[in-house]
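In what comes next, chain A is part of two complexes: it sits with chain B in the first one and with chain C in the second one.
After this line comes the complex of A and B, so read on.
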C-alpha cells in the first residue's frame, strides 16, 4: 500500500485535518498538515508534495491566495491541488478552473471520494 | 325677432319726430319774422304819419281853400293811396273840419277824447285807439298849423298798420325757402351722420363676428341705414361684450384660483421632492433640466438657477448614467424597471447609487419628459453584503461540523478504524461536532428571534439563581477538561428579572463559554451576580488571552473572528458575542468590556430588575 506520494493537508479545522490524514495514511500516502495557508505554503516549498488538499476560508492566508502562489510553483513542479470548501459560488468556481491541476470538492466530503480523486490523478488505480 | 320689431317701429318715430321738429321750427321762425315785420311796419307807419302831418302842417290854411284845396286833395290822395289811410281832417281854428277825407262810418268811431286831445295839441301829437268790434288799431297823428306865430288850424291823420298775414304770397315764398333750407340742412346732417356712422356699422359687423351669430337678424336690415338699428345692434353687441367680459372675468378668477392651486401644488411637490433623501432630476421634451431636487443639487454641487433649462448631458455629466438612459429610451421604452448601480467617485467617494428612469407621459400617452432618480444605496448594499456574508458564514459554520460527522462516520462504517482508542476518538469527535452543530443551530435560531425584535420575546419572571445554575452547568464540563477553576460569587438573595429565560440563558452561556474557550489550561474564571440599585449585574472575569485593541471594537460584530492564532485555534462561529449582546440590549441591558491581552477579560453585564422593568412598561 505504501507509495512515495506526498500529500499536504491545509485546514484550520483540526478534526478535518485528522480524518484526512488517517484516511490517506491508510492508503499509503505520506501526509503533512498545516493550520493555515501560510504554513501550508512553507510545507509546499520545502516538501514539494504531489498533492495539496486545502480549505478556502482560513486565517493568515486563505485558499485562493495560496493557489495563486502555488500556481507559479507548479510550472517547475506540477502537483494536484484539491480545494475542499463548504461554499462554492460562481466566482470561486471560475478562479479554481483557471488554476493548473486544481479540482474542487465540496464539504461535507466523502474520504473515499477524496482518495479516488487522488488515485485517479496518479494513473487511475482505485486500490 | 324683438329687436327687428323695435327697429321697425323706431324708423317712423324718428321721421315723425323730425317732421314735428321741422314744423315747430317753421312756426317759431314765422312768428318771429311776423313780429319783426309788424314792428318794422309800425315804425314805418309812425314815421310816415309824423312826416305827413308835419309836411301838411307847414302849409297855410289858405292852401286848403278854393282851387288849392282840390289840388291838395288830388296830390294827397295820390300820395296816400295805400291801405293804411283811415281818415284825414284839417280843422280851422274854430275846430271845424275844412277838409275831411273819411268814410262816414269811421268818423263816429273816433273817440271824442282822442279828437279833443289832437285839436288842443300845440305840437305833434300821436295817439292810438282800437276800432270797436275789430282788432284794428288806428294811430292818430295831429299837428297844429301856425301862421305868423298864431295857431290857425290842426291837421289830423288816422293810419292803420297794413295787415301782416302768413298766407300772403311773400310769406308763403319765404316760409317755403326756410323749409327748403331746413330740409337741405336736415338732409346734409343726415348724410353727414350716416357717413360718420359708417365706421359704426363696420364696427357692428365686427361685433357680430366677435360676439357670434346670435345677432345676425339685427344687422342686415340696417342696410336701410337706420342709426337706431345700428345703435341697437351696437348696444346689443356691447351687452354681449359685457356678458363675455363678465364671463371672461369669471373665467379669469377661476383660472387665477386654479393657477393658485396649481402653484401651491407645484410648490408642495417641489417641497416634497426636496425633502426626500434621494436625487431627482426632471427633464422636458427637449431633454433640458426643468427641476432638480435639493439632494441631487448637493450631490452634484450645483445651484438650481445654474441648471434650469440646461441640457441634461451638461448637468449630469456621467457617461454611464447617460448611456443607461439612452439605452432604455431607445431599446426598451416600456421597461423602466431596470436600474443601474453606479458611483460618483469624485463627488461622493465610496458611495454606491442606484439610478432609475421614469418616462413621463401626459394623459394622451405622449412623451413629455423624463424623471431620473438617483438613490444612495451604500448602506443597503453594505447590509445586503453583510447578510450575504452572514448566510455564507452560517452555511460554512454548519457545514464544518457536518463535514467532520460525515467523514468520521464514513470511516467508522467502512471499518477502516480498527484501533479501539482511535474508534473512541472518532466517536467522540462525532459527538463533539454534533454538539457544536446543535449549539450553532440554537444560535442561528436565537438570531432569527432577535431579528424579529421584542415581539418574539417570551417574557416571564426569570430567577437569576436558576439562570446562573443552568449556565454554569452548560460550561462546567469544558472548564473541567481544561482544569479551569470556575469561581462563583453569588448573593444570598438572587435578583429577579423579567425577560426571555431561554434567550438570557443563551447570552450568559455565550459569555461563560467564551471565557472557557479563550482561557488557557489551569486558568481561572470568576462568575458573580450582584444586586445593585435596581440592576442585576453579572460579572464574567477570566485569566484568558485577552482581546487586542484592534479587535475590541469588533467583538460584538456578527461573524467577526479574531485573526489571533490563539483565538483561531478554538472552534467558533463568531456569532456568540453578537447574539449575547443583542439579547442583553433587547432586555434593556448593557455590556462593558475591559481586557488586557495576555492577562484576561472582564465582561460586565447589567440588566434592569423586574420592578424597574415593569415600571417602565
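After this line comes the complex of A and C, so read on.
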C-alpha cells in the first residue's frame, strides 16, 4: 500500500487538513501539512513534494501568491498543484489556468474524488 | 501496537533508574529498554509472566532465578487485552534477596502496580484519543462527502424543468457517495423518469434488474412503522420475510418514498451486496432529502403544467367567444392550433418551441377582434379599403398581446403568418427562410383550414381538394418542405379522418 509519493496539504482549516491527510495516508502517501502559504512554501522547498493541495483564502500568504512563487520553482522541480476553493470567479479561473500543472477543485469537495484524482494522476486506476 | 511516543520516554526512564521496561504482545517483545545482556537473564521469565498477565488480565509479579524482580500489567483497548507492560530490575542485595525469597514485599508490589498502571494509562489514553480522532476524521470525511453531494444535488435540482439525464447524474453521485451498488427510481406515473443504475460488477449478479427492483418495492410490508417516516430498510435480506427469496446472495436494501405533502410519486431505492458496510443514519437522511427534493421538482412540474394548461384553456374559451360572431371561422383557431402542433411533433421541435407555437397558433387571428362583422362576413368581394382593414389583423394582434411578456416569443409567429414564401405577403413582405419558421407552419395550417371551411361566398372544399391546392401553392405562397410535412401530419388528425381523409389515403 505504501508508495513514495509526497503530498503537501496547505489549508488554514484544521479539519480539512486532517481529513485529506488521513485519507491520503490510508492510500500510502507521505503527507505533510501547513497552515498557510508561507509554511507551505517552506515545506515545498525542503520536502520536494509530488503534489501540493492548497486553499486560496489563507492568512500570511494566500494560494495565489503561493502559486506565483511555486510556478518559478516548478521549472526545476515539477509537481502537480490542486487548488481547492469555493465557487470561483472568472478572474480566478484565468490565473489558475495560467499556472503550470495547476488545476482546481471546487469546495465543498469530495475527499474520495480528490484521492481518486491523485491516484489517477500517478497512473493508478479510478476505483 | 503503536508505541512510538512512549519508547523514548521508557528508554530515558530506564536510564535514570535501575528499572528496565518491556512491552509484549501475545507472543513476543515489541519494545525493550534493556541491554542485550540483561535481556538474556530474564527473557524466559518475562515470557512466562507476560503470558500469565495476558491470560489473567491483571497485575502480576515474579522473581527470577537470576536475581531479578519482575512486575507486569496488561495493556488494554477497552476490554480487550492487547499485551503487557513489564518492568524488571536486579534485586539489590543478597541480603534482601534472602529476605524476600517468597516474593517482593507486598507494599513494594502495590507501589509497582500503581506506577505501572499509571504508565499504561498514559499509553491507553493516547491510543483511545488517537482512535477517537480517527473516528471523528472518518465521520468528518463522510460529512464532507455528504455536503459535496448536497451541494451538487441542490444545484441540479433547483431547475424547474428536470430531465431524466439529470436524474441519472444524480443517481451516479448517490452511488459514488453511499456505499451501494445499485440505485433506482420507481415512478409509476412518470415512466420517462424511471431509471436504474448498476455498478459494473453487480450487473452479473442481477440478470433482470428491473424485475428485481420491482420485486424489492412490492415486498415492502404495508404496515412497517418506518413507513411513517417515508423509508424502509432491510439490513440483511436473510432476516427479512419476503426478501431472502429475492436473491441467492445476501443483500441490504434501502427505499425512501418520493412524496410531497399527500402526493406519492414513487420510490428511490439503493441496494448493496456488501454486508460489511451498513446504511448509515446520515445516508438515510441524505436519501430522504434527495427524495423530498425530487418530489418537490415533480410537484412543481405538475403545478407548472396545470397552470399552463389552465391558461391555454382560458385563452381557448376567449378565442371561441370571439369567433362566435363569425359563423364561418368558428373553431378555426383551435383547428389551426391542432394542425400546427401535429406539424411541430413531426418536425421534432423542442419543448420550448412547441410552447411558443402553441400560443402563437392559438392567437394568430386575435387581431380580427377589431374588424367589423360586416367585413368579415361579407358575401361579395372586398373593397380596397376593406381589404386593408383585414390585412392589418396580424399587427393588431401583436399590439393587443404586446403587454403580455410571457407571450413575447410568440409574437413573430402571429405577426408573420400572412407572409408568403415568394415575398408577396404581408405585413413585411418577408421571403423564404426569412419568415420565422413558426409563422410558416401557421401559414400552412391556416391556409388549409381556410380552404376546407365554408365561406359566405363559397362552400368549404374537401380535404383531398385542399391538399391539391396547398401542393399547388407550395413554393409561391407556402414553404414546400412544410407542405410535405403537413400532408403527413394531418393523417394523424382523427376529426379530419372522419371528414374524408380516407379518400386521400386511397
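Methods note: the second predicted complex is superposed on the first by the 123 of 127 C-alpha atoms of A that agree within 3 Å, B and C clash if a C-alpha of one lies under 4 Å from a C-alpha of the other, contacts with A are read in each partner's own complex, and residues count from 1 in each chain.
Definition applied: a residue touches a chain if its C-beta (ideal position, glycine included) is under 8 Å from a C-beta of that chain, and two chains touch if they have at least 3 such contacts.
Quantities reported herein were computed from a predicted structural model and do not represent experimental measurements.
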item: Chain touching more of chain A, residue-wise (chain B, chain C); value: B
item: Touched partner set for A:22, first chain B, second chain C, both or neither; value: both
item: Doubly contacted chain A residues - partners chain C and chain B; value: 15, 18-19, 22-23, 108-112
item: List of chain A residues in touch with chain C within their complex; value: 15, 18-19, 22-23, 108-113
item: Parts of chain C lying in touch with chain A, wherever the complex brings them together; value: 133-134, 137-138, 140-141, 144-145, 147-151, 176-177
item: Interface residues, chain A side, partner chain B - complex; value: 12-13, 15-16, 18-20, 22-23, 26, 35-36, 57, 59-60, 86-87, 89, 107-112
item: Complex interface listing, chain B residues touching chain A; value: 392, 395-396, 399-400, 402-408, 410-411, 414, 416-417, 422, 429, 433, 561, 563, 565, 568-569, 571
